[in-house]
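What follows is a single structure, written as structure tokens, with notes after it.
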């Protein structure tokens, strides 16, 4: 069953992504105010959802589990690392799609408002996490420092989420996760939005799985190379 | 914990007093940074007091990075970590001690640079004095955060270049809070709101340091 | 010199680090949570607002003077006059106060009557209701409403 779901993950993701683009570009109506620009709502929020909550959340939870001695394992460290790498990609996509949306609607590519700035800072945090991991050769030290840094960076996530409620920002408020639980999008537009969230979430898990497998292979290759080097040294010693 | 903190802080400050790195390297760097910022903005903008708070905190951030590297270098000298491990010192106490020593050094540098801001950037003297409570708290928060980030970057490859990458995103909110409160004291605004935010950030960083410093140091 | 046999050469273990452990961790976590709650509580952070509303700006006219600010309001209908250098229009605040905006530079694509906008610039004097803007930013709402709802057909083929 597990194997089947893993096999289906890729195709289902592709089908849902295709469905999102088909519905978003052809079937859904344009918005009353924004016209066709509103079609970015089927990409940008879903990408941001994955960047901030799914991938950064996965990295944070895995980091916390690594720091907790009872659940400390190489798997947690690898999951945290791989999720953070995928998170960098999605944060960049969030900023790029946001910029593309911002130029015609607001009139600028970038605005120094709380939502945009805090998202950019999160992106820098994620890049810094990867830099930190590359700077440490010792596996245990690397994992512990990475985990601590991920927890420090995660404080930014609730700030980003609530920024549009706490402060007056240029960025629009919540459409789905509103404070009074009312949905501000309806009909086919709402369904397409929902499908986009599912599609991009599955895309994250697909990418995470691929990246994780790569990491396992890299670890195994490192071990083989180490064993071979040791055998070589022993042979040199015998001669 | 407090006793160990005071011991570690006294040790760091004693080393600083004897080496005079703060006096002969860090302070001149800070003053030069302030003057160069003024030159970069040009006489029209630099002479306008609205530029002062931002430039002051920008230079203070650069100074903080220098000092954190210095603080970590003391721990990195041969045998220091082994001595700390053998003595069985409480990591939380070590963290608080190092943060306290760094805060004292930043307060001294901050006082000199504030005087520089009044002279070079024409920030109003009364407003600058009114900003002192916020400057003290922000610099202490920078010290606490810096000590934590310093421990994160220490020991690996290129710690001096890694430190800015790790710490600057974390310092950004402190920079905003510092600049806003300083500006509020000069031109009016929500000074005490920003002061409370700075204080909360200081408490949060101290708490995280107490909780996590041991994880970073223990290997 | 002491005899080597009389020396105790057993490796000395580092003294155990005193573990205040769980109680301190809990106390620190409580402090952290309280700090976060305080930081995240709405009242503290209002100063991060991206713009001033017209009502706020009008009530602080004396202190604002001619300093550059971001001002938010709704574009009043039938007042937009597109000029060669930009656009001029009246902007309305929540309490009905109005400001005349003279903006330079081309307005964004979505700029239209009754839309919320943020203008960057300054009042022409400390008593005037005229605002010179160098930029117009259009705020769009979080609501998405179909422009042509009849284009969407129900499964039975009828229009919704």
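Each chain carries a letter (A, B and C) given by its place in the written order, and its residues are counted from 1.
The rule we apply is simple: a contact is a pair of C-beta atoms (placed from the backbone, for glycine too) under 8 Å apart; a residue touches a chain by one contact, two chains touch by 3 or more.
This one's a predicted model, so the numbers in the text were calculated from it and none came from an experiment.
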Per Cα centroids, the chain farthest from subunit B: A
Chain pair, most C-beta pairs within the contact cut-off: A-C
Length of the line joining the C-alpha centres of subunit A and subunit C, rounded to whole Å: 23
Subunit B-subunit C separation of Cα centroids, rounded to whole Å: 28
Distance between the centres, which are taken as Cα means, of subunit B and subunit A, whole angstrom: 32
Residues within subunit B bordering two or more other chains: 204, 208
Multi-chain contact sites of subunit A, meaning residues that touch two or more partners: 155
For subunit C, residues contacting two or more additional chains: 36, 45-46, 48
In the complex with subunit A, residue positions of subunit C that touch it: 36, 40, 42, 45-46, 48-51, 53, 72, 107-111, 115, 118, 135-149, 151-152, 160
Subunit A residues touching subunit B - in the complex, by the definition given at the top: 67, 121-122, 124-125, 127-128, 131-132, 134-138, 140-141, 144-145, 148-149, 151-153, 155
Complex interface listing, subunit C residues touching subunit B: 14-18, 20, 24-25, 28-29, 31-32, 35-36, 38-39, 43-48, 63
In the complex with subunit A, residue positions of subunit B that touch it: 148, 152-153, 155-159, 162, 165-166, 168-170, 172, 204, 208, 212, 215-216, 219
Residue ranges of subunit A touching subunit C (in the complex, touch as defined): 27-35, 37-38, 41, 104-108, 111-114, 155, 158-159, 162, 166-170, 172-175, 178, 184-189
